[in-house]
Amino acid sequence: MSETLTLVAIGIFQTIAIIAFAPLLMGIMRKVKARTQKRLGASVLQPYYDLLKLLKKDEVVSDQSSWIFRAAPWVMLVATATAALFVPIFLPFSPFGTAGDILVMLGLFGLARFFIMLAGLDVASAFGGLGTSREMMISALVEPALFLTIFVVSLTLGGTNLSSIVAASAGQFVSGVLIVPSMLFALIAFFVVMLAESGRIPFDNPATHLELTMVHEAMVLEYSGKSLAMIQWSQSIKQAILLALFVNLFIPAGMASSIVGIDTAATSVVSFIAKVLLLSMLVAFIETRTAKWRLFRLPDLLAMAIASSMIGVLFFYL
Amino acid sequence: MVDSMILAQPDILMLSSAGLLIATFAVVVRRGFVDWLSAYRYQSIVLAGAAATIAYFAGAWEIYIAAALTLLIKAIIIPKVLLRVTRKIKDELKTEANPYVSLRLSVVIAALLVGLSYALTRQMLPDSTLDKVASTYLPVSMSLFLIGLFVMVNRRLALNQVVGLLIIENGLFLFTTALTHGLSILIEIGIFADILVGVVISSILLYRISQTFDTLDVGELEKLRDD
Amino acid sequence: MHLWLPKAHPAAPSNMSALMSAVMIKIAIYGLVRTTFDFAGPSSPDSAWWGLLLIAAGSASALIGVLYAAIEKDIKRALAFSSIENIGIIILGLGLSVVFLSYNLKSLASFALLASMMHSLNHAAFKSLLFMGAGSIIFRTHTKNMEQLGGLAKKMPLTSLLFLVGALAISGLPPLNGFVSEWLTMQALLSSYQVPNTLLQISISFASIAFALTAGIALATFVKIFGISFLSRPRSVHAERATEAPKSMIAGMAVAGGMCIIFGFTPFLGISVISSAFGVDGSQFIMPTSPFQSLSAPQDAPVTPASISMPALGVMMGSVAAAVIGFIAFATRGTKTVRRVYSTWDCGFGNLNERMEYTPTSLSQPIRTVFKSLYRTSTSIDKQYFFGSNAYFKKSISVNSTSKDVFEDLLYQPLTGAAIAFFDRVRKMQTGKVNAYLLYIMIALLLLLVLARLI
Amino acid sequence: MGLPIDSSAFPTQSSVLVLSLLLTPAASGILVTVTRKKRPVEIITIVSAALILVQAALLVAGVISEKQIRAFGDLFLLDAFGALVMLPIAGVGLISALYSVNYMGRQYDRGTIDDKHIIRFYQGFNVFMLTMLLVPVSNNMGTMWVAIEATTLVSVLLIMLYTKENAIEAAWKYLIIATVGLSFALFGTVFFYYANITAVPAETGSETAMNWSDMVAHAKLLDPNIVKTAFIFVLIGFGTKAGLAPMHTWLPDAHSEAPTPVSALLSGVLLNCSIYGILRFHIITLGTLGDSFSSTLLLILGIVSVGIAAASIYFQKDMKRMLAYSSVEHMGIISLAFGFGGFFGIYGALLHIINHAVAKPLMFFASGSISQKYETKSMSEIKGIIRNMPITGGLFLIGGLAIVGMPPFNMFMSEFMILGAGFGSGQFLASSLVVLFLVVVFAGFMRHLIKMVFGNPKPKSAASMDSSSEMGKLSVVPMAVLAALVIVLGFYVPQPLQALASDVIHIFNQGSDTPATSIAPIKPAAVAQVPATSINQGGLG
């Protein structure tokens, strides 16, 4: 019984950690991006300052909006935070794994996205509609790419239970398998999907408010104060979850394949942090090197992701 | 005694068969309703004779009764009823104006149907199981049946359709009697009763039709259709 | 066979369409299931083709249905197209079940069947809800055209809430019932690797793409349907004058909405219904280990089973929500924030009006562009100028965009045309002439006599 | 043959019961003729119909426990199959009698008909009941034929009760076509008899050789050639009376022009009697020729019927004609179900007979009330029933949904089993065709039904409506009873019916050498194994 309690405590700790450090990750990425662009950049803690500032500010709500507009940030934050419960982060394990798997996680992301798209429409401005319209297309195409990636991953590692696939990945690594061909293709696809899901370049530019390019920002344009804080925070949580998932699924190096002792646990925590930092730097580099793509070129990119996963499936079967 | 009967048998059978067919063909070539009725009456008399012949050969007393009933009901009562009911109907309504197939062609078709009947009955029954009486009357009854149906299809006069129906009924009776030497008498009586009631009802209907539609041409009765 | 739906549903009154969509369609499926499993039960790999056919038909109709739903302007037609989509998903599950059964993977087969039947049950719940909601909208606004709706969330708050439940459920979002059946179907798809036939495995992974694409577009579609109808500014005077739907309508929707929620949190209710109706042993997929029973993929897989527990998910979301609310309250303690209501940002131009909003057509424009080859969109732009043909001073521009149903033009029109002509001919047999009728009998007799020689 | 009747007391009791069952309508017919007053005549008829129902129920109970009831030696024989046909006759008879009071009374009040018509109607009604009741109790096939022919004659009289043009036209067509058809049937019957006496020469001239029980006992000895031809004649003959296409042509006319209570009896009950006639011979033929011959013919006629009915329903303009064509459709379904055979085919068909006998009268009663209200039968004139007469409209809708085979109503169950049997017996082409036609029927029927029930009433017709919206209690109650049955039978088949049905399947097996339970290649898949009874309770998922 106490063992179960310990596990639950670890799980909750993991979740709180990722929720708490998500803005930091965002800050680091911004910093890296600024430095690679030869700018000084804001402090890595800047996202926290922003959140605190926004939480204490007054809110302006459009007179056209309905209850959906006000409910959306809450739903978004709750959904993404719940999703964080299922993701193994430092350990190849999440005590809530039997309650929800990777599909539940995606479903919760979908729920958040559903509400934010509605909120975009709710304010009756052309910007919101524009954002929603673009997001509709992107999300419709991301879905198959992501599902197919999961298809490959669950074929290779067995099942859709996040704990078990992460553990399987770690186990494979420990037993000396560096990379499985089908997983390599899944990695490419997942990377593309991750960029799309977390709204990074080339899909979306999180730092722009230009109507030609913005997607996500267009939807949340009317938000301010507390609501905006919640939206930004959940956005960063989502990004952190995806990064963590990527790291744990595809780069299992250093991850303990089971909870044996305090030292292996420490190793895996340290290696996880290192890997996530490296990955976020990579994303930031890519953002510096690439321009945002034209909206109607995005399907090509997603199609490439789908094709890549498909090749992964073929590799698995053949 | 027995030998002479066997010798005489085919002649009687052929004679009555021919009589029945002639009566049927008379129906096919005639137009007027009264002519039809007399042809029918003649046919019924021959039928009663044929039934009596069968009764004689089979030695079954029920068939005598059936023959007597035939004579009574089909040759006397039914024509009387039909004549009486139709007396009130105007004469011009009682003549077949234009059947779908001309009378000349009708005869040809009727002849074909007789041929078909022989062919069909030949196939229907294994030869061995048939006695002479049955094998002679079976095709004739089938002819009556088919020709009766044919005149019902071809003729537009409601009265003639009734007569066509009666001819079919005659074919049936011949068939029953020749093949099975009669059903049980109770059922025979039931069938006769049905026929009689049927004729009564149809004559009531005939009268109603002539009153309501001012015609007996069933081709005119086409209000109930789907198009 | 999908074409009559979008035409029949919008024509019928809404309560009838709810009935038609939710129940009637199920007859066909029920029939398919029963005939497939009770009577023509496939037992050898040779019969896998039948399953593959169902999978192909299912995923095609799911995808086509949702693609047309995405661009539809008529709310009821959109819902009808979405019914086609969901039937496709149901048939897909059925096909998987057949494939599994033909390779003697019994527990997978019942799992896929369960997925399919759960989806049909759930579809009955949320589609009734949506059709009733659409009915309420039409009842109050007298229009089915979404171009003229908008802003109804403020006018009809209860309707909008219930419609939202339906939209979330049909989009397959947790924790509602649509998610459960989509999860089951996805797991069934993922289990296809156990079929010992590479060709089938690969075909099924293609079906998975179609399925996922369907799910993605469905979400977008219902964002559009809900967003356009209920949110932002009313686009016409009809929508502006709307009031909350009558209580009876709300009550009807509330029942269906309640079902969406209950079946979402406790899928076991649905499973027990289906188990008893189809003789599927659903209990083997339920793990009663925790206080929250979880659903799990079949155990005979050589891997750790995947599982979800909807009750637990509900509890988790609840506690996270409590934590979030608590945390936000904690973080904002001591500060007095005011919520001010002000008009939407208009870039300083002023006078934002309903003509500047996104319309259903413009909202779905990116999707339409991506899938233009399927839609065969034809767009005509009609420009009128103030001064001759001076292109700088336009009086009005109207864009007219129509899309055609490829299948309708190439397959259904000729077929239905021929069928109707044939039936019309047959019907005219009833000429009214008694002679003709007697002739039919005569012909029937002769034909049967001839036939008797043959058999 | 069959089960020996060991109890010496019961046969005499049952003889009395059979006799009194037949005498009740006869006596009431005579009483009606003597009384000649509207109110007493109505009461006499209802009482007699109620008595018939009670006696029929007693007989059915006897059949369930004794398997067979014989009366007067071999003259009358009531087995499970007969009981299954008799039960709807008695039930629908009573309900029709009740409905007639309101329906005919309303016409009487309007002056459409006078006392003479009322008396004639109730005379006809009672005699009609007598002739119909005679059919299932006859053992002698000749008697059965006489009874069926008598039903034609009586019902022609009932149809021509109104002296309207249409009624006369319909009556004429009915008389001519049904009589021609039935003469085919007699031809076939006699041929069977001939086959029996040639197979067993000792029987020649015997009273029993025309008994069904006798024929089926010798089924294996009969000459296959004769039986083939004979069955064709019987099929065409009784098929004409049963409304199987292409001999159905009289049916839409007659059923739509008859007074509504008579339409209900014609559609719901009389057609069953004729189908019953075919099936008696079908059982013999199964014994002689094996499974394929007669089943194939039934199947062909069934499909043609469903197809032609589908076409006609789709384009129909007249409400009662639509219902009449729907009867053609359902007779087709029943016929093809017996053609499919197998446990599910026969069981489904038997249930379908009962279900149709419940649902179709409901539809006819509702449409009768509706057409009295709207004073038309044309569907384009009838709109918004649910607003003008909510109860009738609701019941009409229930009946309509049942008729097209919607769950959870009764017809769905039986149609479902039948289609299942079709696919199960490997008749894929036939089953798919039927499904296709049923879809057309469904589309056509619903198209009309929805417009009628929910459409916007025309202002003119709404204005001419009198204040009372419904047509009176006595019109609604019978419909409500039937609607309740429609729903109940959709969920649950009562034990007595199940017992009867399984006995009938035994009867079918007794001729055939491959018992029905094993004819059907029902290979319940491991995942979906459902016993027949659970279909009834499962409903839809």
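Letters A, B, C and D name the chains as they come in the text, with residue numbers starting at 1 for each one.
Here, a contact is a pair of C-beta atoms (placed from the backbone, for glycine too) under 8 Å apart; a residue touches a chain by one contact, two chains touch by 3 or more.
Predicted model, so just to flag it, every value in this text is computed and none were measured.
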Innermost chain by mean C-alpha position: C
Length of the line joining the C-alpha centres of subunit B and subunit D, rounded to whole Å: 32
Subunit B-subunit C separation of Cα centroids, rounded to whole Å: 66
Computed distance of Cα centres, subunit B from subunit A, in Å: 93
Subunit B: positions in contact with at least two other chains: 123, 149, 152, 161, 218, 221, 223-224, 226
Multi-partner residues of subunit C (at least 2 other chains): 427, 430, 434, 438, 441, 449
Sites on subunit D at which at least two other chains make contact: 172-173, 176, 180, 229, 252, 312, 315
All touching chain pairs, where touch follows the definition stated at the start: A-C, B-C, B-D, C-D
Complex contacts: residues of subunit C adjacent to subunit D: 1, 4, 8, 12-13, 16, 20, 23-24, 26-27, 30-31, 33-35, 37-43, 97, 101, 106, 109-110, 113, 117, 120-121, 273-274, 276-280, 419, 422-424, 426-427, 429-430, 434, 436-438, 440-441, 443-445, 448-449, 451-452, 455
Complex contacts: residues of subunit D adjacent to subunit C: 172-173, 176-177, 180-181, 184, 228-229, 232-233, 235-236, 240, 246-247, 249-250, 252, 292-293, 296-297, 300, 307-308, 310-312, 314-315, 405-407, 412, 416, 419-421, 423-424, 431, 435, 439-440, 443, 446, 450, 454, 521-530, 534, 538-541
Residue numbers on subunit C that touch subunit A, as the complex places them: 150-151, 153-154, 157, 160, 164, 168, 171-174, 179, 183, 186-187, 189-190, 193, 198, 201-202, 205, 208-213, 215-217, 219-220, 222-224, 226-228, 230-233, 287, 289-290, 292, 294, 297, 301-309, 312-313, 316-317, 320-321, 323-325, 328, 331-332, 335, 337-346, 352, 354, 356-358, 362-367, 369-370
For the subunit C and subunit B complex, residues of the former touching the latter: 427-428, 430-435, 438-439, 441-442, 449, 453
Complex contact set, residues of subunit B against subunit C: 100, 120, 123, 149-150, 152-156, 161, 218-219, 221-227
